[in-house]
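You will see two complexes here that share chain A, one where it goes with chain B and one where it goes with chain C.
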Partner chain A sequence: MSFLIAQSLINGVILGTLYLMMAIGFTLVFGIMRIVNFAHGEFYMIGAFMALIGVTWLGLPYAATLALTVVFAVLLGALVERVVFRPFRSDELSGMIASLGLAMILQNGALIFFGPDPQAFPAMVSGVLRFGDLIIPKSRALTLGIGVVVLIGFYVLLMHTRFGRGLRALVQDQQVAALYGVRLEIMYPLGLGLGIALAAVAGALMAPLFGVSPFIGAAPLLKAFIVVILGGLGSIPGAALAALLLGLIESFTSSFVSASAADIVTFALVVAVLLIRPSGILGRGEA
Partner chain B sequence: MKSRTILAAASVLALLAGNAAAQEQTLKIGALVTQSGAGASWGNGMLRAAELAAEDANKDGGLEVAGTKYKVEVIAYDDAYKANEAVTAANRLVFEDKVKYIIGTVGSAPILAIQPITEEAGVITLTLGFTAKALSADKPYTFRPNPTTAEVAQPQIDWLVASQKIKTVGALFPNDETGEAIAKDIGAAYKKAGAELTATEFFERDRVDFIPLLTRIVAQGVDAIELDGNSPVTAGQIVQQARDIGFEGVIIRTGGPATQEIVNVAGKQATEGMFVHSAFNPAVETAAAYQKRYSDTYGEAMNGFSPFFYDGTKMLFQAMKDAGTVEDTAAVKTALENISGYEGVLGTLNWTGKDAYGIAHQLDSPFYIARVEDGNEVIVASCTTAGCK
Partner chain C sequence: MSSDLSINGLSVNYGPVEALYDVSFDVPRGQIAALVGSNGAGKSTVLKTICGLVAPSGGEIRVGGEIVTPRPGDALKLGVAMSPEGRRLFPRLSVEENLLMGAYTVSDGAASRDMLSRVFGYFPRLKERRRQMAGSLSGGEQQMAAIGRALMAQPKLLLLDEPSLGIAPIIVAELGKIITEINRDLGMTVLLVEQNANMALSLAETGIVLETGRVTMSGSGRELLASPEIRAAYLGI
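Right after this comes the complex of A and B.
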């Protein structure tokens, strides 16, 4: 029994980290742009395909592929901001609908270009790490390790750089931020690019674990949604807490009850949080 | 005078030509298959089977039935493995496109959902759906041109349990009609063979992370993991993740040819030594030729179900010829039932199932057990419904 508890704990933390990367990008884009980005899951999918192209088509090392994915995703994000989202900057509903349209374009574009069949992704590492009875697949340990590094890098960027301060100011109040010299024309595209890059890196990291196909974006988008609702839209510490919680709940309920029960518990929790704290566990509520 | 003759001759020619054009008609065949999501590799295998069979028929100027040549046209719709989408597509096929023959569906829930429409309209369906409920005496227009778990499970499981000394088995199934049906069949088959299905898990079909479920199964110390009932992609993910958490026992896939896709997803290392059901023996020349034609045409490895639907579609064409009509589906249905000893690409094919389903609309064909070595199937036993050796 203790084996199962410890194993579930490890599985839950790994899952939580993966969800967190999706959710932070999602909540960042909302904080900056005030847009619920339904295309977020498709950027995860694009990241996974980028990794596939880099590793299997071009034969690049995985690390180089990840770096290229980030660069490409930031540029793509900036382009999307300029072409799709800029006209809807102060219009949440239209922006949301535009993001839905973007999601469909991206998914069907991938479908036309790559076909519907899932693509094989070579394992980056194989084997397991054993600590007594406990087993961690090396592939997941690698994903977890890189995920944590990316998240720490993101945290430092956001909290300890001029750019990060600008972004945070923008999240709090865009007019005041602009008055204090935050350059909106640079911050908007870069902010969106950064959010999208987090989704793309998550996709590239999970590709060796879960495979690549044009349809893989939907599930992580849903998880990001749940995490963000639980944690409070726009709150990054809230997202971190909620992602870990969600990962652990899923892992423990799946291991001790059943997979279907995990979904029931997750959504029951979402409903409960919405009823008791509509702004989320650490959300501040709408001003 | 001379110009008049020419004019008359021309008009006679025109009449003749017009007549010839009227003689060539179009026969529309619906393909209601899964083209997106987890079941897409099966659906594409079926659709392409229908396309290749149509290509054969059109090669000699069309399918000749009672003196009329019909150009066969395949109209495809995607059901995304979902019952509600299948119903929408079936309505379009039956009432707008006016087809009388449908290749599909892939899934069990979709075929059960469209049968009220197709049976009512007398539309002949060739389904892959593994549920026992798909075939019954009150559904005379539904045929299944592929063997299912019910046909192949017992002999294979008997052989595997004995040869691999398996006592306990774990399995994961999707929590829908297909999964429930297969879980029941497989559980009974292992019991009969002297082993026990000790750990079963049900999950949502779009799930990709199986580690929590596998952790529970592996913690119970099972000798083998059974993959039957899962789509090729899901099966591949289960294999990869089971090996990821250090499972070293036997991995078995009793039904549903999917080896190529599983190897693609899980990799050669994780699939080494896996036992799989195979309907395909590369030593059978016609089968190998079909496989080559498929991969040459579509640039992809052939899905194992494809040859069944190629043969099934050709049997359907044969039945139309025998019945002398493409319109009267009752007559075509009877002619299809009466086909026996059909030489298909996979071997000699017959209809069976009177005892199991109450109607002999189930295909009976030879099958094999293969071991995966370096990503390829190596046949280790040849089977009939009587047993494997």
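Right after this comes the complex of A and C.
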């Protein structure tokens, strides 16, 4: 029993990390482009395939694969900004429809390229860590560790660097940010690239645990939505709390009840929060 | 006397709306100039054009002798910074982060720290509230932060768009005093745009009156304050 609790706890925290990465990237893209990016989950999927290609096809070390995934995703994001999103900047409806189209292209592209079957991903490390009675598989500890480091790094970049300050200023008032020298033509593609890279890294990190297929993007996208609803759009502490809560609820309910019960509990929570606190647990009502 | 700002035959249209027509005036280096006029006269349009936010349909603007191009960010390189109408702070950045955004392109860190402590010297309340989100400040404090943000760019020419708008009279008087000090201590040229003609003209050496996009009067601040037309039209006396 205590083994099951410990196992659920660590799985819940891992899921929370994943959901937070998805939600932060999603919110960043929304903040910069004012576009609800329905393709966000597909970048998670692409990240997972990138990792698969790097590790099994090219035989690269996992760390190098992760670094390449980030670089590739930032470039891909910049390209997507230029080609797909820029024409619809601030046109919320058309932008959303464009992102749906992009999602279909990416998913079907992956389907043509890799086929529909789930592909196994080799475990990065084997063995377990023991803390007294507590047993944690090393692969899970590694995923969690890297995920937390990426999140902290991203937080520092966004909140404590000149670049991050410029990006946040741009999100709040594009014209005044430009007036003070923020270069929009660089910040838009780079900001979007970073948001998308966060999804891709999440995909690459989770691939060894959950496997890879063209369809794996849908669930993380949905969870990103839920985290944003629960946490309140634009609130990083709110999102962190919501992501952790969601991950823990999901893993405990699936361990002790069933996986479908986990979905029921999750959505019941969303409905309750929307009824009681429409602006989210720690939200301010407006992004 | 050399001019920091020289505007020559400036015309601006917003589609079919003619906002400025053949506007010309100079602001000599180191002076405070007041651009006054009623709502809709085109005052903000003048400032936006100087900053490159709006493209003129005719005429030219020179800052320190260089022609301003209609690209935001370029005016900054020529040493122009603006506190825009309505203040437009970044509401979810802290007060200090808003000030640092003013220095976004200033590469000299020591100079920025020096200016930050000067700004906190002029506006001690900003120092008390430096960690607070700018959106939660009172109107007067927001105006102080907006002026401080412009100062952080270390400009040669400081543009202030209606700093007195929606602010308690006692704070307006305090702001007026500080604008004079900034001009004197830092040697910055100031172009002050105001509907509050009394406040602006009493600070300014030069005054320019704008009506429906045209310059109708100009002279020393004192002369304009004393002129019967101004007194009737803007001071309600």
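Methods note: the second predicted complex is superposed on the first by the 278 of 287 C-alpha atoms of A that agree within 3 Å, B and C clash if a C-alpha of one lies under 4 Å from a C-alpha of the other, contacts with A are read in each partner's own complex, and residues count from 1 in each chain.
The rule is simple: a residue touches a chain if its C-beta (ideal position, glycine included) is under 8 Å from a C-beta of that chain, and two chains touch if they have at least 3 such contacts.
Just so it is clear, the model here is predicted, and its values are computed rather than measured.
In the superposed model, A:250 lies in contact with chain B only, and not with chain C.
In the superposed model, A:234 makes contact with chain C only, not with chain B.
By the touch criterion stated above, A:162 is placed in contact with chain C alone, chain B being left untouched. With both structures placed on the common chain, the touch criterion links A:112 to neither chain B nor chain C.
When both complexes are overlaid on chain A, the residue A:172 reaches chain C alone and has no touch with chain B. In the superposed model, A:182 makes contact with chain C only, not with chain B. Of the two partner chains placed by superposition, A:275 touches none, neither chain B nor chain C.
Residues 51, 53, 72-73, 76, 81-82, 84, 88, 90-93, 97, 100-102, 104-105, 149, 153 of chain C are the ones touching chain A in the complex.
Residues of chain A touching chain C in their complex: 162, 165-166, 168-169, 172-173, 175-183, 234. Looking at the complex, you find that chain A touches chain B at residues 3-4, 7-8, 11, 15, 111, 116-120, 122-123, 126, 128, 130, 135, 137, 139-140, 209-211, 213-216, 218-219, 250-251, 254-256, 258-260, 262-263. Interface residues of chain B facing chain A in the complex, by the touch rule stated above, are 35-37, 40-41, 44, 175, 201-204, 206-209, 211-213, 215-216, 219, 233, 236-237, 240-241, 244-246, 261, 263-265, 267, 269-270, 300.
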